[in-house]
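Take this structure, written in structure tokens, and hold onto it; I'll ask about it next.
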Amino acid sequence: MDVSSLRALVEQVASGESTPDDAVRRLRRLPYADLGFARVDHHRDLRLGMPEAVFAPGKTPEQCASIVEELLRAPAGPVLLTRAGDEQVKAASAVASALGSGPGTVSDSGTFATVAFRQAADRPGSVVVVTAGTADLPVATECLAVLGALGFSARLLTDCGVAGLHRLLAEVDSVAMADAVVVIAGMEGALASVVGGLTPAPVVAVPTSTGYGAALEGVTALLTMLAACSSGISVVGIDNGYGAACAVARHLP
Amino acid sequence: MDVSSLRALVEQVASGESTPDDAVRRLRRLPYADLGFARVDHHRDLRLGMPEAVFAPGKTPEQCASIVEELLRAPAGPVLLTRAGDEQVKAASAVASALGSGPGTVSDSGTFATVAFRQAADRPGSVVVVTAGTADLPVATECLAVLGALGFSARLLTDCGVAGLHRLLAEVDSVAMADAVVVIAGMEGALASVVGGLTPAPVVAVPTSTGYGAALEGVTALLTMLAACSSGISVVGIDNGYGAACAVARHLP
Amino acid sequence: MDVSSLRALVEQVASGESTPDDAVRRLRRLPYADLGFARVDHHRDLRLGMPEAVFAPGKTPEQCASIVEELLRAPAGPVLLTRAGDEQVKAASAVASALGSGPGTVSDSGTFATVAFRQAADRPGSVVVVTAGTADLPVATECLAVLGALGFSARLLTDCGVAGLHRLLAEVDSVAMADAVVVIAGMEGALASVVGGLTPAPVVAVPTSTGYGAALEGVTALLTMLAACSSGISVVGIDNGYGAACAVARHLP
Amino acid sequence: MDVSSLRALVEQVASGESTPDDAVRRLRRLPYADLGFARVDHHRDLRLGMPEAVFAPGKTPEQCASIVEELLRAPAGPVLLTRAGDEQVKAASAVASALGSGPGTVSDSGTFATVAFRQAADRPGSVVVVTAGTADLPVATECLAVLGALGFSARLLTDCGVAGLHRLLAEVDSVAMADAVVVIAGMEGALASVVGGLTPAPVVAVPTSTGYGAALEGVTALLTMLAACSSGISVVGIDNGYGAACAVARHLP
Amino acid sequence: MDVSSLRALVEQVASGESTPDDAVRRLRRLPYADLGFARVDHHRDLRLGMPEAVFAPGKTPEQCASIVEELLRAPAGPVLLTRAGDEQVKAASAVASALGSGPGTVSDSGTFATVAFRQAADRPGSVVVVTAGTADLPVATECLAVLGALGFSARLLTDCGVAGLHRLLAEVDSVAMADAVVVIAGMEGALASVVGGLTPAPVVAVPTSTGYGAALEGVTALLTMLAACSSGISVVGIDNGYGAACAVARHLP
Amino acid sequence: MDVSSLRALVEQVASGESTPDDAVRRLRRLPYADLGFARVDHHRDLRLGMPEAVFAPGKTPEQCASIVEELLRAPAGPVLLTRAGDEQVKAASAVASALGSGPGTVSDSGTFATVAFRQAADRPGSVVVVTAGTADLPVATECLAVLGALGFSARLLTDCGVAGLHRLLAEVDSVAMADAVVVIAGMEGALASVVGGLTPAPVVAVPTSTGYGAALEGVTALLTMLAACSSGISVVGIDNGYGAACAVARHLP
Amino acid sequence: MDVSSLRALVEQVASGESTPDDAVRRLRRLPYADLGFARVDHHRDLRLGMPEAVFAPGKTPEQCASIVEELLRAPAGPVLLTRAGDEQVKAASAVASALGSGPGTVSDSGTFATVAFRQAADRPGSVVVVTAGTADLPVATECLAVLGALGFSARLLTDCGVAGLHRLLAEVDSVAMADAVVVIAGMEGALASVVGGLTPAPVVAVPTSTGYGAALEGVTALLTMLAACSSGISVVGIDNGYGAACAVARHLP
Amino acid sequence: MDVSSLRALVEQVASGESTPDDAVRRLRRLPYADLGFARVDHHRDLRLGMPEAVFAPGKTPEQCASIVEELLRAPAGPVLLTRAGDEQVKAASAVASALGSGPGTVSDSGTFATVAFRQAADRPGSVVVVTAGTADLPVATECLAVLGALGFSARLLTDCGVAGLHRLLAEVDSVAMADAVVVIAGMEGALASVVGGLTPAPVVAVPTSTGYGAALEGVTALLTMLAACSSGISVVGIDNGYGAACAVARHLP
């Protein structure tokens, strides 16, 4: 609940601009639009510096399209549709095109797509996304799509797993001088610890469900990253490329 | 491995300043001091912007004291001893006093202490540490001690658990306008999601082992924070107040 | 075993109305009908104030239909078929139509349906069902279908997740004044704690398997709800919208 | 956040009774007292119909006493100190006696105590607490102490585990006619399912950490209760007798 | 390694009937036939009183057929093919028919079949198989098929779950007077404890993967049965109807 | 609930020997004695062929003594106190001596004791208890004490772990010709599979918490035994020597 | 990072053969080829005595083909494609044929294939691969394919599970005299312990996901092998036949 | 069971040197000594190239001493007592001194000791033991003690954790040229992957229970090592320094 808008409202009441009933009604109705099946949070960008993203799984294509439509009614700012299937992408793109925002930029991660409508203004920070292996690319793709929508042009370093340390060491300048580093790794996730020991930048680690057997669908990498002996690494959920991009957006101007 | 110092060294060889044998030897010996039972990383502050901390558990008081002594031989910069017991604190303080650094600042968390020798210069960022309950204070104490040693003067907001939301809402300005927020919560850890929805700042969440039964010694709060519906929250290990402080130090100038 | 009916029976024996052999036989045969593959519990409504529901998974369409048929032979009261697939719904509806009860009300949750035959009389309690996100709607659909069959007309509040607290706060009157609240949330499940801190009503929390990775298919939300810092919240199994409706039915007149 | 008090406040501003600045300040300061290490929620009883309880673990005796003291400054209503050790009990009792509330009623569960100061007015509902074995008594003791403080005089049925069903069947009238039943069971926790099949009342199940080996410190009983085949059972956390009592208080007038 | 046959062999060497080389060769070659991909244990029936069963998963139809063929070359005794798919059943039946043993008795459990060739002679023990719900029937089907092949004619009691205890109590004589009872239950598995308290017979409990969410694919029922408060219950693996039948065969003459 | 005694009772009512009220009262009061904190099940021996055992943990010495005293009031049959500490043993022995039953036979397992009062008549079955290592002896001690009290004189084979198979093979006759075999093993628990492949007798496997690290306090051995490739092995809970003895008692005449 | 090549390079700089800039560039570029989506480690064979394998899952057929192509550009040495699907095999084979290396040797494990291009020279060690059951053959197939590519001609012993110990004992000479033994077992994995007690050779144990229910998709066998009472067994990940072959290659000349 | 000794025995029978009865008796009695509570395996060194070690936990000091005494009666070869407490060490040392073997070499790991009596002859292999941190030293101590007793003089590299990679890179020659490397690491265990990428030698990884919270008492490091992206690493149980030493002994001549 935003105290400064509360104060403004209260002042309007005090000055007679609003009646108490209006104040309470506006206070409770303003910040979102109720579509029946969803409450679209128009206020989120203002409050968190980050737009509301539409998480597609479990929603019908029509629901995805309606929420995207509602969000695009705001005058500006990026709108994101995440983890969407083909039908969901098609429906949302259609509605966005009809509104004149164009079909959005679709980043396909293999099993799902990220769609960005109306990219944010460019932001200056230098972001590096490092993956341990080629199989981590789908998560990196989502992360890059979201970083792009939020205004960052990140650099991707693929296949830097610790089994061949020289591949990472060859990029040590990029990593050491970045403003933020996202480390994406499955299997045993050791890359996060090593990167954490090479750079003073914020390191956001994303465990992935890459691997089989004892990789336990990402739990092993998750635990590794949480217990990392390099200090100050922070971790987001398994396969959560979206969350890592948002964490970076919180860290950088 | 720092490429720029490698380049410098290689240039010295090219210019005849060093012999190849010397180069290899220096390359491999420079950055740490080998105490036999430990390799003290004098290079870490330079490389990571953060000093090496001495993790006390499993070390004898004498080992703690020797490593602290070795680290204090560097000309400047903070030195930290973490999760130390009484005997370990006493031994390290004695050695530091003998070296003229004073006994250090001891922050007692109840079951262990954090000791900071030679605090870093003040850093400008406004850091807020929020705890869900009084029982989370030991972890907050460690976090604040490390933040202090690293140059931050953080503000502590205790007992803001979501069972009484108004207690947190009363502090909404502090939280919304901070440069970084550390959320420390046990039991179900829901506070991180709520704080994440109220501020655009980086949010570092620390699950604690507070609670009993289904709190599963911190695992429940950890999972909650990783799966948080507020985007861009990042998480460190259970009870890891030290790691949260380091993550903040990576985020802020 | 119902002591009052035992007493009645024993009195019949004492008065000569029944022979001992009859008594034992009736005692053991009365309360259910044995269909060979199932024992249909005609007694359940009387005993628990709640009808037996037919749990469809693992049953053939014919078995579903037979049990529904047997239950509809009782003179009155609702009959429920839960988690049914298309073929199971079709078979049960056909048999119910043939018995003159109509095809039942089918609530489709996407992957399965709930079918209610012969709704109970209206019951007065005001029930509110709150979901954290749109993806929790399938579980809410099941819960509402069962509440409806049991006589309640519940109000659904969707998409009130804690990432945008104001969406929930806008409904704070509904929640605070309800006779019972069902909270349905996946991912980190923090909504239950927050709702529990806003209402004196019974709060039944349903963790859902919404989310991916560290959401652990509902286990994270389950643990969160069990460890909730708001007191007096009680929890049912993952995705168990049916169980939550039954719990409400136990609480209200 | 209570909308009706918000409305009252806004009306005071509109009528000139309060200035906007005052309104915001009161809005944010009213409902709790900040003791530095804790924020005491005076508003909780009003909001939830249930007093704030002081959870003792991790608090010093002095902190326990201060919070109890602050809560007792409210004009009426019960105050609870839970899971307290000897020193904590002594400190809180002293402060309560000094305030004229008497030393409180201490219920000792073996490893910790529950202390109730100023019991609530009697409430009419008939509550039955059933335990599976003698080893579940400590949890039952906490539950009964809290029920008592909240105004209920519950009946305790001990040692009704399903290994000797007739012991439970002998009490079938009590169970079937109660207004609410709390089932407390460790080991395999099967008692909850059986009780749930015998009564139409709300059934709150409490898994306990009784047992060894495959009982997994209460996790087995917890899972059993969540997966119970009897419908409408709801569950609280492991060993959480306090939570079960609060859940009952939410259910009953 | 069977000591009595070892002794016989050694005596043959001593008496000159066998040479040492022959003895060692026979000792190592006798008890099984090596098919290249499998070693068929002709000795098992003699040693364990139970034939070797062919576990179909992971084997090609041809491999299944070859092993069944090899086993049928023994002069007598039942041969079992378990958890077989359609193609595997067809291949094995064809080979058995060709050998004059007939196509075998196929028991279809829905997702897989059990095939019994050459049933054992009738055995006298009275075995009762009790299931908690209709959804447990596939496991019961496998168990009954194996019991039948081993010579037992078991009685099946379906749908006796503890949510309606009277359904089980109606069969209390059967259960109390059986020579062995197999309890098959998913969800919370409480039926095993209750049955264990009603009969002095050996009780073999089979947890099933029936249920969803907190049933954890059978782990909940498994833990419940292992921690059962009724003494002397023993447990086999999840969904292991075959293992339960074998356990019964070990118990009875 | 015993149907034959129910029938007898009903016949008494029919014949006028009892009034209906008496019948109901006796029906509900007969089979146990209510000590307030425990319901002592005098009926258990009759019903299950096995006496009620007093599980000591969580009971005061006085409670243990009272229950033992109540059970010894029955005219005959063994009485067991399990997992008792020194004070509990002393109190129970004193009460038993005072009743003329003698102090009982105390079997000390190191951390707890099993006490048997009034041993049952000798039973003929040959029982073999095999342990994998010396560290499994405490569990074997409990198992042997209970077997002894139930009338069996079991043979103990210690230290037969599969790391030196010949140690087990040397005892192959004993194992192959036993009427029942209890296998007690910690660490990886492989002994159960091997023994199951050597004997046609019922095999009851007891996982123990012996070992460290990946032995996971018995969970590893438990899983091994449940997944054993030898068919027909059944398993009891971790460290549950008492349960294994009871399972044997169910199997043998 | 290979110190001897570093030294060579530094010497070239010292001797004027290389410039410092060249040295740094070569140092960082030499050991791998960057394909954009992958960094192909040409250096691995030299460094680890084992070629880089292409792990197919998550890669497009084109990516697989490109990496295989890049690796085949090295003058000699085996190249492996693991866990590949049909399309991936086809694409890689085509590219290898075009390069004149032939289509590779394809070993089909049922659900995936291992492809070996350019087998290594024969190596002398005698390797035995033992499987517990026929269902473990897919993992054995992968292991044998990799062993073959690395120059070993291993002997496969199938179906030696401990349920029929004599099958393993018949092969005791092979096992006891091998230079390395790979044990592949699912279900309860006890075979590793038994083999470990029969041979002085290195034993590499591979748990497989064979089995169902309590086999927990390989976790049970994994834990069994880690906790094995036979000393000196070492373990690789679940279903990791590739890893076991590599471990053998590390052990043998 | 050793086939060659079986053959020898059978030949003695054939030649009349032994009677059949003698043969069977010797066959079953020879390889161990039965102390009642333990079967001492005199045959193990011959069979496995590694002596039987006495695992002290759960044994009385007297039992430890008796087994050590029995093992020292063999004419030669090392004898090990592992994880022993003070009293156990004292008793075993006394008995060894009395037998003229001296008190043994005691390696104290802090919480337990390893005692080696009669060290084996020197073996040539170069073994390197690398630890991640000082807190892993207790496990390294056990490993070194066992390696020493088995004839190896290993080199210990402490505190080489990946947070400061240069510390490990400084030792890259030792690691790359060793005949076997033991990696001992707790927390996230990433060191094993990195070492595995630097050396062609056999790498035996030992996860330790060092660390807290998300380190999960060694499970995190264990999973990391099993899922390591460097190929051919093999793993032993948590904290199992003894097992790692035995694995090395299997690998080297």
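Per-chain residue numbering starts at 1, and chain names A, B, C, D, E, F, G and H are given in the order in which the chains are listed.
In the analysis below, a residue touches a chain if its C-beta (ideal position, glycine included) is under 8 Å from a C-beta of that chain, and two chains touch if they have at least 3 such contacts.
Bear in mind that the values here come from a model prediction, so they are computed numbers and not experimental data.
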| item | value |
| --- | --- |
| Counterpart interface for E-F, drawn from A-H, F-G or A-B and sharing over half of its contact pairs | A-B |
| Farthest-lying chain, centroid of Cα atoms versus that of chain C | H |
| Length of the line joining the C-alpha centres of chain B and chain C, rounded to whole Å | 49 |
| Distance from the mean Cα position of chain D to that of chain A, given in whole angstrom | 40 |
| Computed distance of Cα centres, chain E from chain B, in Å | 58 |
| Cα-centroid distance, chain B relative to chain D, in whole angstrom | 37 |
| Touching two or more other chains - residue numbers and ranges from chain A | 1, 3, 28, 133, 163-165, 169, 196-198, 213-215, 222, 226-227, 230-231, 237-238 |
| Interfacial residue positions of chain B with respect to chain D in the complex | 110, 133-138, 158-160, 163-167, 169-170, 210, 212-215 |
| Sites on chain G touched by chain F in the complex | 132-133, 161-165, 187-190, 193-194, 196-198, 211, 213-216, 219-221, 223-231 |
| Chain F to chain E touching residues, read off their complex | 1-4, 47-50, 53, 169, 172-173, 176, 196-204, 222, 226-227, 230-238, 242-243, 245-251 |
| In the complex with chain G, residue positions of chain E that touch it | 1, 28-29, 31-32, 36-39, 41, 43-44, 52, 55, 57-59, 63, 83, 207, 209, 218, 222, 237-240 |
